[in-house]
Structures are given as C-alpha cells and as structure tokens.
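Think of it as A, B, C, D, E, F, G and H in the order they're written, each chain with its own count starting at 1.
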C-alpha cells in the first residue's frame, strides 16, 4: 500500500486551467448529464478559473465546421485568455500553440475539462502526464455520449495517473481556508450550488432578524 | 374510448399561475431532480408566467419557521403579484386570501407548481378541480422526496382529472404560434434549455457569416 | 374530464388505519426500497396513526409459520389496537373479525399499508372499494418484490378507484393546518424526515442565538 | 370516484390461463428482465396453472420459422393442454382454433402472459375484453424489448380495462386461504421465490430442533 | 370495468401516419433514448409507413430557424408525401394545410410520432381526439428531454384517450397475419431489430445446411 | 500482481475514528443516498465508534455560518470526544488542533467519514496517507452531490492508497469474532440493519417457543 | 504499462473453490441482485465446482443463530466437501480448520464467493492474498446490501490484487477448450443461462429436422 | 504519481484489430446495451478498421453449434481478413492460427472487441498483455450479460494493464488530425453518431444557403 504517496494538492500559484472544446455543436453529443446540470458545471469551473485567477487556456477543434463555436459564455468570462482554435489536431497537445501556451503559464498542475471526455480531455491529459505534469480531470465539467464511454475514459486516465476531481473539490482544494475570502467563495457556491444558496438565504434571513 | 373528449388548451387570457411553497427550506427536501435542473425548471415556469403575463400568485407555508422564506428569485420576478404567506393552512386552498386571489384573476385554468408535489401541489389541485377549475400541474417544476412519492402524487392527480404538463409544454401551449413573437419565445428557450441555446448560437453564427 | 370530481380528503374523524402483514419474515421479501428507508416509512405511518388518534387495526397472516410475527415496534405503538392474527385468509377482508373491526370504527375512509403491495394491500383495498369505502393506499409504507410488481399493483388499484398517497401526504392531509399543533407535527416530521430535522436544528440554533 | 366498482376476483372455477408465444427465439428479444428472473416468472405462472388446475391453452406463432419452438418446459408441464400452433395470425384471437379452445373452457376470466407484451399479450387481451371477458395480464411473465415498450403496453391495456397482476398476486388471489392447502402453496412459493424458500428453511430448521 | 370497450385496431385501409418535427435541431433536445436507438425507432416507423402504404404526412416547425431541416432520411423515404413546413404554428393541427392533408387521407385512425413528445406529438394528438379521430401515439419514435417530461406527456395523452403503442406493436397490428407477406415483414424486422435479424440468420444458416 | 500485499486489517487498539463535517446544513447537499438511509449509516458508524471504544474526533467546518452545527446525535454519542470547530480550514488536516488530536490517539489506522466525500473526506484522507497513516474511508457514511462526484472521489482516494470500506465491513473487521461479544454486536446490527433485526426477531421468537 | 504482467489463469489442477456463508438468513440481506438471479448465480458456481471437480470447501458463520443454516442445495451438491461451521470467526481465514482445509487442497488459486461481499468474501480474500495465494472473487455469486457496498468491496479487493471474475468467466477459463467436453459444458450453460438454453433448443430443433 | 507514464497512443502503422466472436447466437446473450446501440457500436468499430486500414482478424468460437455464424455484416466489411473459425479454444490466444495471424500483422498494439466481454475479450487481452502487446479494449463494442459482469471484466483487465477505450476514442486517437481527411472522418462519424450527422446536416444546410 502506497507508503510513498505524495499529496500534490492543487495550488493557486501552480495550477492552470485548460478548457477544451466546449463548443456548441459538441454539447449536443453529451448525454451523460442533464444539460442544465452540465452547463452549470462547466460555468462553475470557469467561475473557479476566474475567481482563483488561474492561467486559463481556451481551445476549440475545427470550430468553423459542424463542431461550431465555443459557447459564448466562456469567451465572455475569459476575454483575454489564450485562445487556440485548432485547425485540425484532435489532441490539443499535438498543437504547438496550445502546448506553448501551457508552458508559458509556468504551472506544473493542469486542470482539464472538455467535450468529449474520452478524446478532448483524455488525449491531452495523457500527453501532459507523459511530459511530467500533474493532471487533474474535472469529471463533472467533462461530458460524453453515455455512462459506458464516461467510465471507460475515467479508468484509462486513472490508470495513467490522472487525478479525478469535480469542480467543487477543485474549488475547495484551491481555496484551502474559508478565511482567505468568505464572501468570494460563498458567492461562487451560491451561484452554482442551488442548495448551498438556499442555506445561505436561510442563514442570512434568520441572522438578519436578530 | 373518449369520443367526448374536449381539449381545453391553456389559453393566455384564461390561465393563472400558482407557485406554491418554493421556499428555501423545502427545497432541501427535494431529491427527485438534480438541484440545478430543478432550479432551472422553477425559474423557467416563472419566466413563462412573466413572459405570457399570466396572473400569478405566490404563496408560502409557515415561512417564519424552518420552511424558510420564498426563494428570492421568485419575489424578484413577481414583485407585484399577490403574495399569501399562509400562517398555517397546508392546503393553500384552505386559505381564504389565496382562494380569493385566485378568483380575482377571473381565470378558469390554473397552472400549479410547488414543493412538495404530493402536498403543496396536489392538495390545491384537487380542491380546485372539485370547484370546477381546469388544473394543469407542472411536473418538472414540482419537487418531492423521491420517485415513489412523485409517481404516487401524479397518479392521484391524474385520476382526479388534473392534466400533467411540463414547463416547455406549458410555454408552447400558451404561445400557439412562433410568429406571435419569435424573439421572445426564443429568448425564453435560450435562457432555460442549454441545448436550444446552442442551436441558436450555431444558427446565428452560420447565418451571420453569410 | 372530471367535472364531477369530489375531493373527499382524509379526515381525522372519518379515517381508520389498517396495517396489514408487516411481519418479520415478509419484510425479507421486500426489495423495492432500501430496508432502512422502508422501515422508516412504516414507522412513520404508525406514528401518524398514533399522533392523529386514528382507529388502527393490526393484522397478520399465518404468523406462526415462516411469515413470522408482526414487527414488535408496531405492537408497541398500538398495544390496544384490534389485532387479528388471520389463521389463513390471504385477503384480510375475507376474515370476519377483521371486517367487523373495520366496521366498528365507523369510518368510511380506510388508509391501508402492508406487505406485499399487490396482495396484502391490494386485495383488501379492492374489497373495501367494492363495499363503498374510500380507500387510500400508502405507497411508501407498502413493499413488494421489485418495481414491476409495485407498478403492477399501483395501476390495478388506481383503476379500481383507490387513491395513492404517501405517508407525508397522509399526515399533511389529516393535519390540515400547522396551527392545530405546530410542535406535534414538527416532532413527527423531525423523527422521520432527516432533512426536515436538519432544517429544524438549523432554525432553532439560529433563533436561539438571538 | 368508482362507487360502482365490482371486484371480480380471480376464481379457480372461472379462470383460464393463456400462455402465448413463449418461444425460444422470441425469448432472445426480451430485455426488460434479467433472463433468469424472467424464466423463473414464466415457470412460476405455469406452476400456478398446474397447481390450481386452470384450463390452460398454449399457443405459438409461426414456430417453424425464426421464432422457434415453445420452450420445452411448458410443453412438459402441460402435456395435454390444447396447443395451437398458429400458422400466421399474430393476434391469437384471430385464430379460430384458439378462440374456440378458450370458449370451450367455459371460463369468463382469462389470465394472459406471453412474449412480447405489446403484441402477443396486448392484442388478444384487447380482443377478449371487447368480447366481454375479464382479462388479467401477468406483467412479470410477459417480456418485451425494454421499459418503454413495456410501459406503453401496460398503459394501453389498463386504459382498455385489463387488470394488471403479477404471478404472485395471481396465485394468492386464486388460493384465497392458506388453509386450503398449506403445503401445496408453500411448495409453489418455495420453488419460485428464493427468499421465501429461505424463510421456510429457517423456520423448519428451528422448529425441528424443538 | 369497461364492458363496453371496443377494440378499434389499427387497420391498413384506415390509418394515416403523421411524422411531426423530426428535425435535425430538435433531435439534439432528445435525451430520453440513446441516439442510435431513437434514430432506429424513427426510421422503423417510417419503414412501416412505407411498407404498409400508409398515407403519410410530413411536417416541420419553423425549419429555416434553429430547429433545422427534417432529417433527410425521412424525405427520401417519402418523396411524394404531403410536406407541410409550418411557418409558425406549434400545434400542427392549428395549420390548415396540415389538417386538410389529414382529412384528404380519409382515414379515421391517426398514428403520430414526433419531437418533442409533450408538444409536437401531444398537441395534435389532443386536437385530433377532440375531433373524433382514433389516435395512436408511437412512444418509442417520439423523443423528449428526459423521463419526467416523457411520462408527463404519456399520462396526459392516456387520460385524453390516446392509445400508446410502439413501432413494433404498430407493425404487428397493421399486418395481422404473417401469411400476408412473410418476407416483407421479416425484412422490416430484420432491418430494425438486431436480435430478430440474428434469429433469422441463425435460422436460414441452419436450414440452408439441410 | 501484488505478491507483496500486506493485509493491515482494522484493529481495535490501533484505529481512530474521524467524523468530519456531518453538519445539518451540509446534509442538505447530500443526494447520493436516500436521506433516511444515509442518516442510518452515519449513526451506525458512530455506534461502531462507541461500541468498539475507538478514539473518536469530531470536527466541523465554519459551523456558525450556513454549514450549520454538527447533527446533535453525534454530540450526544461522543460527549467527551475532542471536538474541533475549524474556523476556516477546509481540509481538517490543515488544522493543527485536529492533527494534534489525531496524533494524541496514538493510532496509525484512521477511519474517516464525512460530508462531502470529495472534500471533507478526501482531503484529510490524502493528507493522512501522505504522512504514513493507513486510511479507511467509510463510503456509505460519506455523502456528496451525486454519483459522479462520489465515484470521482472514490477513484482518487483508491489511487492514493486509501482503503474503501462500508460501516458493516468496518464493524466486522474490528470485531473479528462473534464470541468476543455476541449480544453487543447483535444489538449493533439490530439497531442499524432492519433485515438483520428481523432475522433476530424470527430466531428468538421460534427458539423461545421451545 | 505492465510489461511484467503474468496471466496466471485459473487452472483445473490448481484451483480450489471456497463458498463462504451462503446461509439462509444472510441471503435476506442481499439486495444488489434480484433474488432469483442471485440464487441462479450461486448454484451455477457450485455446478462449476462440481463439474470441474474443484476441491471445494463450505463454511458458515454462527449457523445456529439468526444467520441460519447453509442453503440446503449447496450441501446436496457437495455432500463430502469439508464443511467448517465457524463458531464465531467472522473472517473464515481466522479459523484454523478452514485454513488447514484450504492448505490440504494443495491449490494455489482460490476462487471465493459468499455473503456478504465486503466481509465474508473480502476478508478471507485479503488474508489469502497476503499469504501468497492467487485469489479470484466471483462477483456475481457474492451478494451484499446495495451497490455502494458492492463497489466499495470490489475496489478494496482490486487494489489488493484480487482478480474479479464472474461465474461464466470462471467456467470458461477452467474449461479452456470446448472439445474437452462439449456436452458437459453445454449442459452447465443450459442449466444456468436461459438464453443459452434457448440457443441450444433452437439449434437442436433445426438440426434434428434434417 | 506515475512520473514514468508513457503514452503509447494508438498508431495507424502499429495497430491491429481483433474482432472476437461477434456471432449471431452470442449476440442474444448481450444485455448490457440496447441491441440497436450495440450493433451500431460493433459496426462502427468495423468501419474504423476498414477506414484506417487496420490489419483485421476475425475469429469465431464453435460456429457450427448454437453460437452460430459471425454476423454477416462483418464478413462483408472484411472479405479478405484472416478468418479463424476456432474449433474449440475458448481463449482465441490458445489457437495457433489466431496467434500466428496476429504476429503476421507485425503490430504491437492490439485493439480487441468481442462477445462476451469477460471471456472472448478478456482472455486474449490478458494473454496478449502477458506476451508484451499493448492492448486496447473497445468497451462499447464488447457486450456481456449485465452490468455486473461488465464491470467485473473491466476491472480485471484494467488491473492487468489493458487500456479501456470506446470506438470513438479509438477513431480519434488513430486519426490524429482532421486535416488528414476531413470528409472521410466526417462520413465515419455521420454514419454511426446520429447527433453528429445532425450537426453536419445543419451545417451544410446553412452554409449551402449562402
């Protein structure tokens, strides 16, 4: 049993966010989440990227064809992020501009989410692991055709050393301590976790009555 | 087989919207939908109410206790709607102010959504049917503990003559014809159906390129 | 569509509770609920019976054989209730003592729960409907082999005019108004709905701090 | 609500069993049950037919083609039952020999199970209802492609007045009283309900030790 | 219980097929079936329409907008069918050309399938029932957002008197007797039911060896 | 294949129990278990801690805010346990008081359960593994948003060397031999496994009759 | 990627079968399989043991208490197998008689199935791996409370080096080549795989007609 | 965490495709996919093999018995592929002709799909890994009895070093760059991913209008 395990946790100074192929056409292939839940997860990861000031890279695959443009919300959240519209490489890591944008971040932890999980996420994840990066896959902001393709992708990436994480885990691991910014983290959660928002409404209603 | 069936379809001049007990505490009881999907559905019904200018009535049950306040979004969407904070009646129809607000709408079609389905929705639905109203239950904006309690409530209401409908069906039945307002209906769908929004983005991207 | 629907709601003075064959052996046949959830539902129905002072009748089928004795908790909650250990009748309504106990309650509304749904619940439900009783079946306190047998039984009973209800709906329909006894109903919910208990703990913690 | 409901329960003297198209080829189309569970259900219905001495009719559709022969177990259980190998009629009720065999039973209650539910079961069920028979469909001994086709068939038949029942409910409704034959019914259950067999083993082990 | 039930079964001379809004954009909203299964079902219904020579009507909603064109396969199968591109009516029955095309068929049985179930199928279904048609809804060739919206639509239509059917049931009810055309029906099944095709391959392989 | 595997089984002298953030607000985020089942599991783990006299540490996160207080039952079961109300650290292991309480137990096996699985459980689990502890995660007493976040957390922890276990496995591994205390273990199971309680009732009823 | 993997496949001369605690009481705890499917799997494993002449060991836990006796079918299949009724050890490997019976087989491959998976199977599996045995866990003949406890147990055992296998895989890996005994293997499959039996019936029916 | 991971991605020059036992009889055993979805996946893998010109090997097990012949579509797609009808070896790797055909391809990457997953896929997969091949298992073109047997097989193969992949991932990993052949890859996807075909129809419809 891994006595030599090292817990390299996500660290604000050291983590970059890669959003891969969240394009309007490709969204219509995703069937392993209800669409409103999946959209919320994708926007939540983006909100984390912005909130934690993570170097963020946007990329698309063949966006002038049927895959379609990036969902506009992501462009709006990251207007200045490097944006690599790959002309044809399926694995983003095969694109020099993309890799060079990644390297320029200077981060050794890469957080990846995208569509579809087994290709647009798994391929650059495996490539990055091979080059020595610590790779974190945001499972709930990565969509695919169905549960079979999802689990297939997860197991392949787990075996290669990728760490599976969800956006909430990612946010908490980056934030470390509520006291770093209670209101900011609270707002992030309130915007993307309805039940957490309700807890907050309840709390502030009752404490305001005092 | 019903040779005498009459299709009284939802009609803008004749339909009122009753939002029953969408309170922050009660939301935490809902487990038959993923929370982000359920919240989206509730807001979509409210958006329909506003878009179609339906007379709308808000009501809560015992809101100063653990059930908590109405979710603030609904108050914001309907700032001038009759708001009946029932001091104790579980069935909203047992509250005179509520029934009188319903009657004042002059509508004979009632669209009901609420938490929890088998109580806050089913009770006033059954009472209203008894009094001769045509009742439409918005199934996907009404939440409850689990699938068993959901289907139990649906079958009881179906047997009593309530019509089960979802928010999208409600919107389409009220709108009748896209030409009545293409942009308005499109915006409504775009805001609450991620895949429809993607279709629109795709469409406008490609047609704009011409 | 039912213009002639009459909403005969559950009424404290007029409703009796029939708990049919909740025997230790028969529990092991129930697979349409996780056991701890099912047990909670059964005890919740019993708690409603006691709280609302409903005339309650206990009955078992062939309890000296493999079906085994009634679960002891029910005996403890209703020590003085009529207890009919049927020697062989599968349909409780075929047992004269049972029917006579039902008649002695003077109630015309019968709330039935039991194991298994399609037999021990459905048979007396259909018999009682035939004799003019209003029958309410507590779906979540009635267990059976699997989802197929459950829905089979529900549809048969719905077609015969039984009203499907869950224990929470039953409690709310009987109570009518929180103000009849806030603490009592709150305690009932707190004991059998973990998330409601949490709402109450939250509420009382925050209001106590004032 | 059905004040005029009449509970025509299954009655040994008045009920015939129709086993329709349980053919080896058609079994491979059934995917709404795990195969070993479905086979057990089919054999259990057959065992009921034999145990209760129900007039039983076997029929197959085009058995020399890909649909294949009847599963041999059914032939063995009912060696002397009327056996109608329909040359082409899909609805068994379109076959004169079949209808005449049904009429010869003199029964007015027909219990039907078969493959596939929406055709081989539903068609004769609807035909028989039209001719005034009381029809009972054994849901768990009738198989089809998937849940969608299953529920489609159930709702169509329910609307037409068929009563949905499972094999265990059928057995219990026919038997009426354990005392009519404790050992026989116990054996039937022991052979087809593993958990009931375990109850019996437990019971007899402990009582034998006295 | 329905002593007066009349089984008006689907009849080749009397049934028309209405394919409503199977448009490429709307397909991306469908999540209650795996896409390849749903596509197969839609093509199977179309194949039935062609094979049984049913008068068939194609219609689309706002096809120059995001909903997109009809899937090309349907146009190819029915090159000469009336094709009503509705400029805006959501309920196809609100479109005079559509209704007049329906009337021109002279059929009193209407088979409807479409996207989405609760709107494009349910609305014309309810309208047609009101006008006295016998309506058959092909549940497995009608898609929608999820299981909640599906069952909502089914129960509303069932209550109105629509008959729920799947494409296989529709084919069998129309064909009546294998002998009317063994090869034709076999080919239809072979093309759209993989397990049936396997049965046939097996059968013909073995019989060819004789 | 692991020829060098060492089975360090849970051992009463060497195992401490860490209950992390079972707070009333956070419970409302848990949707991967029915609430009554989850509550039962949490109380069962606590009952194990008490029964086996495990050094137990309670901790909460930001309990004066929306997360709310610890569920009172846990405080009652462990009135004297170290109780660390973390003012802000999300990972309990980042809190010196917590780590020092852990170290003071002298145990090298840590059993962890909490809400939510991927944060409150996974973070201290990974930290503890890194420091050389043997970590056991009680999967069924740890709750989270849904199945995706649950499996994500499980695979991340499994890859790091955590052992996944459920409360029943934990109890059995600690107890080793029924003869160490038949009545005590039996009571523990009877209180938290309804079907086991039924077995015991059955057994004692029959043996008492001798 | 594991270039050093060695495929130690199950081998008739080297594999023993351990059936652990398939007792009538414990069966009632199993809810992760439909009972008739689970029973079939257990009997299939036993049939494999007999057919392949595997040294087989039966063991029970506290069988005079509520856990109850071994299911009689297993005793009948293996009348002469070592039978260790453990007086109290929960982990069978803690029982000297059991371990000594295992050692006496001289096998280094152990195939284990039992109830419940995470205890009666996992504990001896982990112990045996530690002692250098190659352990194969028959997942579909091992039952437990629910899917959470099942997957928890699987992942713990997988991490320790146990090989997960189902009974069909076990049979095929032991048999190696159909030609070793076509009829024997065919009979085994025919008895426990209904769809395989149907294939055989179909095949022999058609080939017999030649 | 695996710093030494090497991402040996599928490579057109180096990968062979092994299609194992996709026989008509064995298809009827597959229940972990809807049949039309599974068939589509199998044909998609085959289409990939042809499109990428992968050396492909077909093999069957005992095809003159109940397992039946290979599905004819595969023979048609690969008329000249080595075809090994194994007379009895269950593990294809035990057949010299098969292994020699594999060796003759000169590839060191083997892509395997078949029926059933835990036998016909897993056995040669494990054998090939042992001999140093890189093995890729196409999970969605490999079918088995149910989810339990599927996951059992996946975990066993994952532990041995097999890489799990789905057919879409396989296609993308082989293609590398859309620019290598946009039309070819688009056609492949259009033929086997209905939603992708819809995207393409939409795209070409709108761009053609320019």
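Keep in mind that, in the parts below, contacts are C-beta pairs under 8 Å (C-beta built on N, C-alpha and C of every residue); 3 or more make two chains touch, one makes a residue touch a chain.
It should be emphasised that the depicted structure is a prediction, and the values quoted were computed from it without experimental measurement.
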From the listed C-G, G-H or A-B, the one duplicating C-F with over half its contact pairs the same is A-B
Quick note, more Cb pairs in contact for A-B or E-G? It is A-B
Per the C-alpha means, the centres of subunit C and subunit E lie apart by a whole-Å value of 43
Averaging C-alpha coordinates per chain, one finds the centres of subunit C and subunit H separated by a number of Å equal to 53
Distance between the CA centroids of subunit D and subunit H (whole Å) is 41
Here the gap between subunit B and subunit C, centre to centre from mean Cα coordinates and rounded to Å, is 30
Where subunit D touches two or more other chains at once, the residues are 1, 5-6, 25, 28, 34-35, 68, 159, 161, 163, 193, 195, 198-199, 202-203
Counting only contacts in the complex, subunit D reaches subunit H at residues 28, 31, 34-35, 146
The answer for subunit D against subunit C in the complex is residues 1-3, 5-7, 9, 33, 139-140, 154, 158, 161, 163-166, 168-169, 172-173, 175-180, 182, 186, 193, 195-196, 198-200, 202-203
Listed in rising order, the residues of subunit C that touch subunit F in the complex are 24-25, 27-28, 34-40, 68-69, 71-72, 192-195, 198-199, 201-202, 205
Per the touch rule, the subunit F residues reaching subunit A in their complex are 5-6, 8, 25, 28-29, 61-62, 65-68, 87-91, 94, 116, 118-119, 122-123, 126-127, 129-130, 132, 134, 145, 148-149, 151-153, 155-156, 159-161, 163
Subunit G contacts subunit E in the complex at 202-203, 206-207, 209-210
